[in-house]
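Chain IDs A, B and C follow the sequence of writing; residue 1 opens each chain.
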Amino acid sequence: MIPSIRQPRAFRIAYRAYVALFFLYLALPLTVVAVFAFNNSQFPSLPWKGFTLEWFFGDSRPMIGVFHERPILRALGNSGFIAVFVSALSVVVGTTNAFLFNRYEFRFKGLFYVLMLLPLVIPGIVLGISILVFSSTVANGVWDGIGYDIEALRPGLTLVILGQFSFITTIVTLVIAARLQKFDRTLEEAALNLGANRMTAVRTVTIPYLAPALIGGFVVAFLMSFENFNTTLMLVGSDAPLTIAMFDRLKEGSTPLLNAVSLLLMLGSTTLALVMVLFQRKS
Amino acid sequence: MRAGAKLGFFLLFAPLVLWLGLLIVIPHIDMFLVSIRERIGVAEYQTSLANYLTFFTEPLYLVTFLRTAMMSILATALTLVIGFPVSFYIAKIAKGRLQSALFLLTLVPFYVSELVRTFGWMILLRETGLFSTLLQWLGLADQPVEMLYNDVAMMVGLVYTSMLFMVVPLITTMESLDDSVIEAGYDLGGSGFSVMREIIIPHAMPGIVSGSIIVFMLSLGNYLTPTMLGGKDSLWFTELIYSQFIVRFNWELGAAFGFMLLFLSSLIVWGTLKLTGQTLEKTMG
Amino acid sequence: MTDPILESVSLSKRFGNFVAVDDVSFSVPEGSFFSILGPSGCGKTTIMRMIAGFLEPTSGDILIRGRSILDVPPNKRPVNMVFQHLALFPMMNIEGNIGYGLRRKGMEKAEIAARVGEVLERIGLPGIGKRKVDELSGGQKQRVAIARCMVMEPDVLLLDEPLGALDLKLREHMKIELKQLQSDFGTTFIYITHDQSEALVMSDQIAVMNQGRFEQIGSGRDLYYRPGTAFVAGFVGEANRWRGKVTRAQGGGLQLTTEAGLVITGADHGRGLRVGEEAEIFVRPEAIRIGHAVSDVAHFSNQMSGSVGSLLFNGAASRAMLRPAGGGDEIEVALPQSGEFSALKRGDEVHIGWEAEQANAFAYDPTAAAATAKASGTGGT
């Protein structure tokens, strides 16, 4: 089974074929999405009508490319805006959480830890509706009470950010806590011993040590936010992020424009992921 | 020093409590409260279990609910069965560069949003899609074949979407199994089958459990794949929740549905953990 | 003698019911090399952490230059510490590590660079400032860790078993180098270790610690030749030991009869053992003379014959294990390497003898006996 144990030749060949087939299964949908971005046709399907870059750069009907399609660009901007906020927030809270669970003993610590993990096992759509329900309860209460409408608590960017933040924080906490666990605390003592106060010791020694996890957590949060669909779907207002905008278009029927956007997304996230892997390897 | 430590504790504790309290615990309590009220007039409500009664008496709701649960379990099982041999290959057979390359390859598709992945399957499976054209070209079909909008297409999409979350925990746990333990199993007279059953699978159990829990959760809570790839009969429970909330504005019933979904997923997660003797802290943390 | 730079006054530390440090007092003269030697778990690390400020004493006081430092937080104390695993900051280069404390003081960049360069020069590693921590060898890291503290010009440098992680050869080398560095810098070193040879080689003064208490403070020579307690006699260096009843005592000399009937003369060096008391006698292997004929050892107050049970060749530290003719435990004897005994083999008849003066007698203390038995397992030689 493992290389040191011989298996019949036929078995080995069959096994390898299976693994190859598996990767074909993984690659196929993405490949067709990418390839049809260059099809000179109104539909992302065969027959192949020749190569074109119009779906990226075209500026006249019927082939308006990604870079001239206002709604898509605006949705992309929304997604980026949301993702930056969500990542920054969840890295901050993830860091405080990691320190809290690593450094302090307190009552009901175990319970809080399980609570902290819970967002991972709540379906995204349920997270979305619970936040939607609660925020409208609050907004309606305020409206009934003082007659002021809190715009931020109605479906829109703020709620999308809060909704994504609510479960991405758990993942970021786990990423940062894993590295903090490996931190040798005598390093902090050494810093104190050399004249640093507690805050300075954390800032100059612990945080630099955590840096790969902080950056990794940020990138993971960014990608998850960018991709998120379920929670966002329930909380979205008029400023739709990219996944929702693409979903609306897809329901109406697809054009290679969507392939072009998808290809750019693939390139973007793969680059981001590769940069992260390289960074992690370096440190 | 003491006072400083206390202050530090509260500064770290506050974000946790705000986050969990305002975004997780209280919203769910509120959602529960909404689910147990009944609208009896304009802005007039009373507490009742009417919404839950509706859920249990309307066949469409209950059937969709149970169907969604069964299909999610099926998707989880399929993902495990398909992903296990590949995980084993990457963890124990591939070595060096090939190993890390294959591992990265399994990750890459998932850096792309679920929407793009689903879109890919639509291009492949629909009537004018690649497979249909290919079959005609090969002479196996004489007219376009619609492969989209049925349970099989949906299952293909669900398995595809969840694969990463099964394969990564499997690889991680199986990598930690020392080769010599497998060799010892053979050395003591074990067959490939018995080594797999008595050594490898028990060792991989934590990975199997956490992978299965996540895949099940993702399938159960999925909206996009059933909507885009599934047919008229493949109605998914999340679609009911969505339509109650967004289309019909019946938040009370939608909240009750949400609660049933939460209840079901918690039950299955809890049951899996109990059956396999794992804990949430161990499998997730 | 100069004024003590560091004093500990009745220092105690309790963790719940466990007394880690029990009423320990000592003073360290300025510029000296002071070691605390003891088995693991004896409380020596606790003392060090109290001096550094990472632990608060339950009672007692620590004074530096006559002033109590208990109210001074660890980052403001004029002591620096070389940690057991050195605790060099892996995310900084060597320069960053050594300059860390100076930056905390708010010193100017140019000044810091100059100081760092200077101290690197002094530890014999000029120009390595830009290197990373994990590019250095074990011995280099050691020196950098010391330099990181020395650049702070501390009143006292604490060293917590810093040689523990090194391999044997390097450890031997670093012992000499540490002593050299200490005398170069002229700083007071407080060094804790469970390795007696480290303590003996480097220290001006050694405190032997056991179960939270100091057993004896003295020079290496004192501890070795004039151990103050049975624990010290058993822990520092090697010794043959006999237990029995005192059958005669007069003017410092005494006679001990073991259960097997063996009679040994020894000295209690003023500890006032009385007839009838249970006592232990310790005799170092190198204090025993070995001879081929009875006449070789005729002038010793203790004489014995026996056969060679086994030979343990270890260069200059070779030993013979003798089976006494009258029965009893094997006796460990140092073999002179002058060639006289190079033909010695198993079963040969030999004669041994030693002076009563070299046989240290102590009142028998079962707890100390247990502690040494445990400690010699981990203590090393």
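By definition in this document, contacts are C-beta pairs under 8 Å (C-beta built on N, C-alpha and C of every residue); 3 or more make two chains touch, one makes a residue touch a chain.
On a predicted model such as this, the values are computed, not experimentally measured, just so you know.
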Exercise. Would you identify the chain whose C-alpha centroid lies closest to the centroid of all protein C-alpha atoms displayed?
Key: A
Quiz item: Counting C-beta pairs in contact, does A-C beat A-B or the other way around?
Solution: A-B
Practice problem: Could you grab the centroid distance between subunit B and subunit C? Build each centroid from C-alpha atoms only and quote it in angstrom. | Solution: 62
Quiz prompt | Distance between chain centroids, defined by C-alpha means - subunit A, subunit C (Å) | solution = 58
Exercise. Report the inter-chain centroid distance for subunit A and subunit B in whole angstrom, where each centroid is the mean of the CA atoms.
Key: 16
Quiz item: Which subunit C residues reach two or more other chains?
Solution: 73
Quiz item: Which subunit B residues sit where two or more other chains touch them?
Solution: none
Practice problem: Note which residues of subunit A are touching subunit C in the complex, please. | Solution: 184, 186-187, 189-197, 200-201, 204-205, 208-209, 211
Quiz item: For the complex, which residues does subunit A have touching subunit B?
Solution: 1-5, 7, 15, 18-19, 22-23, 25-33, 36, 43-47, 92-93, 96-97, 99-100, 103-104, 106, 110, 112-127, 129-135, 137, 162-163, 165-166, 169, 174, 177, 198, 223, 226-227, 229-230, 233-234, 243, 246-247, 250, 254, 258-259, 262, 265-266, 269-270, 272-273, 277
Quiz item: In their complex, what parts of subunit C are in touch with subunit A?
Solution: 52-54, 73-76, 79-81, 83-85, 87-92, 100-101, 104-105, 148-149, 152
Self-check item: subunit A-facing residues of subunit B, complex
Solution: 4, 8-9, 11-13, 15-16, 19-20, 23-28, 30-31, 34, 82, 85-86, 89, 92-93, 95, 102, 104-109, 111-117, 119-124, 126, 128-130, 133, 160, 163, 179, 182-183, 186, 192, 195-196, 213-214, 217, 220-224, 228, 238, 241-242, 245-246, 251, 254-255, 258, 261-262, 265-266, 269, 280-281, 284-285
